[in-house]
Every structure is written in C-alpha cells, then in structure tokens.
Amino acid sequence: MSHSSDLTPQPYPLLEVEALSVTFPVSGFGLKKRHVQAVNGVSLHIHAGETLGLVGESGSGKSTLGRAMLQLENASAGRVRFNGQLITDGMKPDIVRLRQQTAMIFQDPFSSLNPRQTIGESIGEVLRVHNKVAKADITARVSTLLTLVGLSPEHATRRPQALSGGQCQRAGIARALAIEPRLIVADECVAALDVSIQAQIINLLMDLRERMGLAILFIAHDLAIVRRLCDRVAVMYLGRIVESGPTQTVFNAPRHPYTAALVAAIPEIDPDRPLPEHPLQGEPPSPVSLPAGCAFHPRCAFALPECRHGAAPETRHIADHAFACVLDNHKSDGINPMTEGMLHEAKAF
Amino acid sequence: MTLMQVSGLTIEDRQGVALVDSLSLTLNAGDILGLVGESGSGKTLSCRAMMRLLPGEGLHIRAGEIRLNGTDLLTLNDKRMTAIRGREIGMIFQNPASHLNPVMTIGQQIAESRRLHFGASRREAQSQAVELLRQVGIPDPQRRADNYPHEFSGGMRQRAMIAVALACEPKMLIADEPTTALDVTVQMQILRLLRDLRDRLGIAIILITHDLGVVAQTCDRIAVMYGGRLCETGEKRPVLAQAQHPYTRGLIDCQPVSEGGSGRLITLPGQPPVAAHFPSGCRFHPRCAQASALCRENQPAMSAGGHATACHHPLNHGRHNESFV
Amino acid sequence: MSMTEKIATQRMGHFHLRGLPRQQALRLGMLMLSVWVLIALLSPWIAPFDPIAQDASVTLSPPTFIHPFGTDNFGRDILSRVMWGARIDLQICLIGVIFPFTFGTLIGAFAGYLGGAVDTFFMRVIDVVLAFPFLVLMLSIIAILGPGLGSFYIAMAMVGWVSYARLVRSQVLTLKHRDFILAARSLGYSHPRILLLHLLPNALTSSLVFSMSDCVLVLLSGASVSYLGLGVQPPVAEWGVMVAEGQSFITTAWWITTFPGLAIVVLAMSFSLLADGLGDKLGERP
C-alpha cells in the first residue's frame, strides 16, 4: 500500500501557489456589491514529504486558502500547480488526478463523517469510487486502514455518533489515507479535541508522514503544535502571508511584528513566565474593510508613517525566510527591533 | 480568608452515576483558582452546582456542602439563592454571544443589574454602565454602551460579559473557559484583564480551563479533575513542577512545550471516560502506567496538606514509589 | 444533611408531565395505525355486512348488537362501511402523500444543491402555488379534470409537493456546507453521488416527519373533497362521503355521521402520534 518509492525528488514542488486570491461577494444594497478579499495574492509551495504549517487568527483566510488550493473554492486570481500541472482553470483530467492524490481532514470530527454511514462504509466508498482494490478485498483494506490509525477493525460497523471525538478524527484520517494521497490538508484537525487526545493525533500524523512520505499542509492557530510538527511555517494576516520560512527561524527570530506577538502569546506551562506586559492590542479586523497600507498597522507598536498608506509592504527575503514588513529598513546595524522589544519574555533558545 | 468552601459535593444523574464525586475545594478571597480537566471531568458541572444552576432533568445534588462565607448554599430557598446569584457569585461563559441578550444593548443589560441589585436610578445606572465598560477596557465606552451584542467582536463581547458580571459587584467570579473560543492574542488580553480585576477589586476567580499554559500564567492555585473526581490540588508551582498524580503529570507532558524537540509527544493512552462507563476504583486506572490491583478496586482518598493528591501510588519528585499506600 | 436530602428527593421526584414520553408516542401511533391497516386489509372477511347492500327493513336503526354502529337511511351497516372505508381512506393517505413526497423531495434537493438560477426558478414556482388557498386550488383542478379519486390524486401531486420541496431545500442548503460534503467533494465524488447518497439521506428526516402530519392533511382533504361530492362517488363507502350523507340526519340519526367522523379523528391521531414520536426519535443528532 505504500508508495514511498515515489519519493524521487522532483525539481518542482508538489504544490505551488502563485498570487492566489479568493474573493467572496457580500451583498450590498441594489447594485452596490461589496467583496471580501478572503485570500489576497498568496504565494507558497510545499515539497513532497514536507510539512508546512499555516497559522493565523480569525479573518486570516487560512481555511479558505487551504480549500482554494485544492480547488474546493473558486479562485478569483492566481495559479495553483499540483505536481507540475496547472489546476486552476485546469482540465478535468488534471482535477481528477488532484482529487486522487490529495485529501482533507477537518476540525469537527463528527460533522466530517456522513452520519448515516458506518465508518466502514465511508472508507469503503473511497476505495470503491477510486477502484483502489478489488471488490472482494475492500473489507480487508478497511481493516488495515483502521488499524493503521489506531482503531480496531470492529469500529467499521459503528456510526460516527457512537464514537468519541478522537476516534472520529482517526476515522477521518483513515478515510483520507484510503485514497493514498501525496498531500493531506489538515484544517484545524486537533482544535476540537481534548488535550490528551490532541497529542495522540499529532503523534499519529508524525507516524504516518514518516511511513508514507506524506506532505501535509497543517492549518492551525495553535503555534505550539505547529512548532513541534512542521518543517516550515507561513503566517497569515487578513488574507496575506506576512511571514514564512523554516519553523525554528520564524519562531526564534520573527521579522514581522504580528508573528512576534503570536509567539509571545503562546501560553506556556511555566509559572514563572509572566503575562506579557503589553499584549497586542485590538482584534483582527473584519476582512470586509481592510485598512490602507499594511493591514496590520492599526495594531502595530512599531508602525511607521509609510505603513499607513499606499500598497501593502512587499515581501522581502533573507535566505529562505520571507517577510512582508518594512521594518529593519532603517537599521544599518542589522539589529532586529522585534527581538529587543517584544520578545524579551520569550525563552532564550 | 476562605471565601468558598466546597465539601464532599456529589452530583448524580438519574441512573445514580456520580458525575461529580465527593469534590472538596477551597477558594480564598482574592485568589485565582484554576480548575483544570478534560471532557467529562465534571469541572463545569461543579461550578454550575455552586450557583445552583444545574442543567435540566435528572441531575441532582446527592450530598455535600457549598459554603459561601460560612453559609451553606444548598440549604437556601430559591428566593435567597436568587439574591446570591450574580450579587455574590458572578459567572462568565465560553460563548458570550449565547449568554448576552441579543435584543438589549450592552448598556441596558449592565444597567438592569445595577437597578435591580443596587436600586440605582436610570441615569445613575447608565453612567455606571459606561464606567464599567471603561474598566474592562472597551474603548469609547459612551458610544459602545448603546451597541447591541452582535455589533461587538469576539474579544469585546467577552469584555462586555465581564462587565455585566461585575455590575453586581460580586466577591467571586466563575469563569467557564472564557478564552477558549478566542484568538490567541485576544486570549492574552482577557487573561490580563482578569488578573487586573483581581488585583484592583480583590475578586476571587475560579478559572475553568483545559489549558495548563493559561493556568500557569494566570492562576495562584490549581485543582485538577478527572472523571468527576479531584486528582490533585495545590499552589501552582508545586503542582506544575512536582506533579504527584499521574494524570497531572501526563497532562503536563503531552502539551507541546515550546522548547524544541520535534519528536513524538508523550501521550496518555486511551480517552477520558464517559459517564455511562466510569471505571471502578480509581477512575484513571485504565490509562495509568502505574495502575495496580489496588487501583482497580479502591478509590484513593485525598491526601492531606496544601499540595494534596488522590492516588495510591503518587509520583514524588520523579520517584515512582510503588509501595506507597 | 437533612436539607440536602430534602432537596435531593425533591429533584428526584421530578418527571415529565408535559406530553407523552417520546417512545410511547411512537409505539402508540404505530399500534393504532397497524390496527387500521389490518382492518383495511381484512375488511372483506371481517366486515359483517356488504357495505353497499341495502336493507329496507332496518333503515335508520340505532346501534344494536347486530349493527353496532347502526344503519343509514338505505339500511346499510355503518360498521361495515367504516371498515371498508378504511381501505379507501388509507389509500388516499398513501397515494396522496407518496407523489408529493417524491416530487417535492427531488425538486427541493435539486434546487437546494444547484442554487443560483435553478433555485430561484423553483422558489418562484413555489411562491405562485402557495399564493392560492390550498383547497381552492385543489377544487379548481378537480373541477377541470372531473370528479373522482384519480383527479384528487393528480391535484394533490400538483399542489402538495411544495411543502416537501421547501423542507428538503432548506435542509440541503444547510447540509451543503457541512464538512462531510466538503470531504466528499475533496475525495472526487461526482455530484449525483453526493446529492443522492450523501445529502438526501440526511435531508430526508424532516420530510419524513412532515409526511406523517401530511397524512392527516391529505386524509382531511380527501374527506372534504368527497364530502363536497367531488371525490369518491356514492355508493362507495368512504368516511368523508359518509359524513356528508349523514348530515341531514344529524339530529335524528347521529350515528351515521358520528362514527365515520370518529374514524377520521382516530386515524388522524395515530398519524399525529407517529409524527411526534418519529420527530423526537429522528431528531436525535442526525
């Protein structure tokens, strides 16, 4: 069932997103239709076998981006390539191939399974529709998949309502694996679970990705988990990626004030760590009315006059660490204002 | 000074299963007590019982005392209890949207409390409402007091709900997962606010949460519940640094701590128990690495002292003493 | 401790007083309906008399041992007529509900799933149908087609589908956005598969419950239409017709109208109970 042999490194990323935008109409009165830019010119890529974390708060557009990348939302601009093939406005065979090689797992374990089907039927349907195994072997394959995710084959006869949250989530993962995907998009897949169960699911994902060479797009708001699980991370704010790069680099030396605030806000089990003196003020604004200039400037402690108008800041790169902030421009000695100002409470690594 | 003392609280459902079993807690004036547990731990139910607001059918308080400043709340009649609810004990919830009246402005809801409990006139109540909104950190409170709940964002609604609770000037506040549904940056603001309120007004707070990080940074004391029973309680430093109950230890270990490592998380096997199938003896024993026959048969009693635990084989400073009974 | 015990016993004494517990409603409804179905099926054998046989010697006889429900002005045995009437009335319920249910469900699911212009079109059609009073519409159609049960069924199909369509459409609109539908799309399932195998089974619950209540409406419509002379034609035994026939004798021979009337009420009640019980049962997280 494994196709880890398929890991011959490709010159191109498994999934490549270029300037993707997703717009939703919000009905105004009469002809005056307003639009919400849920995703605004996002570019990123995931290589085979890599885990990319996508973090952000409400209104960041991370879930919309995840769905748009799999063509489950219509993109209003930009391109997405899967395995080198263009899939936005793609031909039907390309979409079919995309569907056969990608899968999603969701936040609410109960609502992600059809309540009228047993677990075995849900997983079996995938195998049947995609002709994964001969009809006679379906039950056996379902049992294998259930065992793989830590359930027992007898769970196949149960309905989602008869299982716990953690078990349903495992069933959802089994269904995703049934398709033998190369990429899994996990949309807040542990947020609704008990803490001790979260840890089990995270471990399961780690196991599976090793055994099967999976690439994972891990959408989450819990940075502690992202830090543990992901190789690279991209931080979103109001539809744009404000920072991205290797996880350790981004977390230890963030270059965008928002990332720094997120890192400072991670609650840690350290009784001696005080609450941040000046936690980030304000709240993520509604994507319907975006501020001019840099979308973050109303909340930014370091905002400069140039941040308040004009276009959003351009993305700059330092090696593989990308960020969209004008700060540091004026410092000639290369000291990052963030690490001095806002991270004094974070642990030294 | 002890503000609230819960002793031996037992809440049963219609089948006689103890959803909360012999819970004993102490809340001192001006303390922030973190009540930690996962689903089925009974933490929310216990706090509802403190307010005598148990949900609907079938649940009843089988035994125990809940003493607020010496008076046992379970012996009071409805009229007296109503006077205490809100006025002495306030409560805020996880989802402010469902706990605020959608057809009254925030100002009206706060003012209502002031008029009811303090006999304030309409104008006085209104200005007091604005003042409360200012105290909880809502900008432009004069204007916001005339807004309806749906016009507030998530964090602002939570602040508004805190203002409504504070309007009655309670001596203690029960906060049921107040930040779980909020963005992490907003969570920090609300936790900061609760701490500031405690520092300024001396309110005691019971903070119900599943997040040990929140507890570590905000609370003074911790009580850990599992399957309706209290596992461990004490001041936060000893409990976090030298957890004695294997569940507490497991809970601490399984959270992805910031300091590095990309290896597997240390997990607790199995899942939290469901009321219909509570294990015999110690309710944690099916998931416990140290469970013995004793654990299956006998429910462990709470040990004595400031840092107490209910375990037949408590962990002591990393030393697993198996013969300890 | 005594106070807490007192409180504890007070709370334990609390039990439902409002309405029947759900399981009993379901069981009672099913029992009553089964009895009627049995009566209807077995009436050729268990009815004491031929329903259309006239007997001039016992006209307008009050309930006696031989004629427990009395006889009408033609000397026909009311009990037998009620039993045979059950066949017609149950048939009315069945056919009068099945067609609207099927059409309505399919149209509603289609409209809800596709959305856009298709949805708008069907919604406007529904609006037009709903603009007319139900009975007026039914009678107009029957008047055009000519009296008889066949016309009644056609009229019912043309008018009754609307409620089902709206119910199913609103369910589909909500379910469309649930994660398991998104999962089905992400797994590359075709639209027909998603609609028929995933959406419909979950969208049907409220329709099913409604169909039980609808049976009551259909029964009453059928009886009303027959009462007005536009449905079942005499001498066929049907409860509505019987009520109409007994109208002129209501003061002198009350049994002619009352027993068929009671039969309508009892059958309607059994559907109602079924609807309640089913509603509670299926209402458990679908």
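Chains here go by letter, A, B and C, matching the order in which they are written, and residues are numbered from 1 within each.
Keep this in mind: a residue touches a chain if its C-beta (ideal position, glycine included) is under 8 Å from a C-beta of that chain, and two chains touch if they have at least 3 such contacts.
Keep in mind that what you see is a predicted model, and the values were worked out from it rather than measured.
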**Fill in**
Label-sorted list of chains bordering both chain B and chain C is A
**Request:** Using the touch rule from the top, work out which pair, A-C or A-B, shares more C-beta pairs.
**Result:** A-B
**Complete:** Note: chain C sits from chain A at a C-alpha centroid distance in Å of 50
**Prompt:** Can you give the whole-Å distance between the Cα centres of chain A and chain B?
**Reply:** 32
**Prompt:** For chain C, what residues touch not just one other chain but two or more?
**Reply:** none
**Prompt:** What does chain C use to touch chain A in their complex?
**Reply:** 178-180, 182-189, 193, 197-198, 201-202, 285-286
**Parts of chain A lying in touch with chain C, wherever the complex brings them together** = 67, 70, 72, 96, 99-100, 102-104, 106-108, 111-116, 125-126, 129-130, 161, 172, 175, 179
**Fill in**
Per the touch rule above, chain B residues touching chain A in the complex are 38-39, 153-156, 183-189, 191-192, 195, 210-214, 216-218, 236-237, 240-241, 250-252, 254-262, 264-269, 271-272, 274
**Prompt:** What part of chain A is in contact with chain B in the complex they form?
**Reply:** 57-58, 164-167, 194-200, 202-203, 206, 221-225, 227-229, 248, 251, 261-262, 264-271, 273-276, 279-281, 283-284, 286, 347, 349
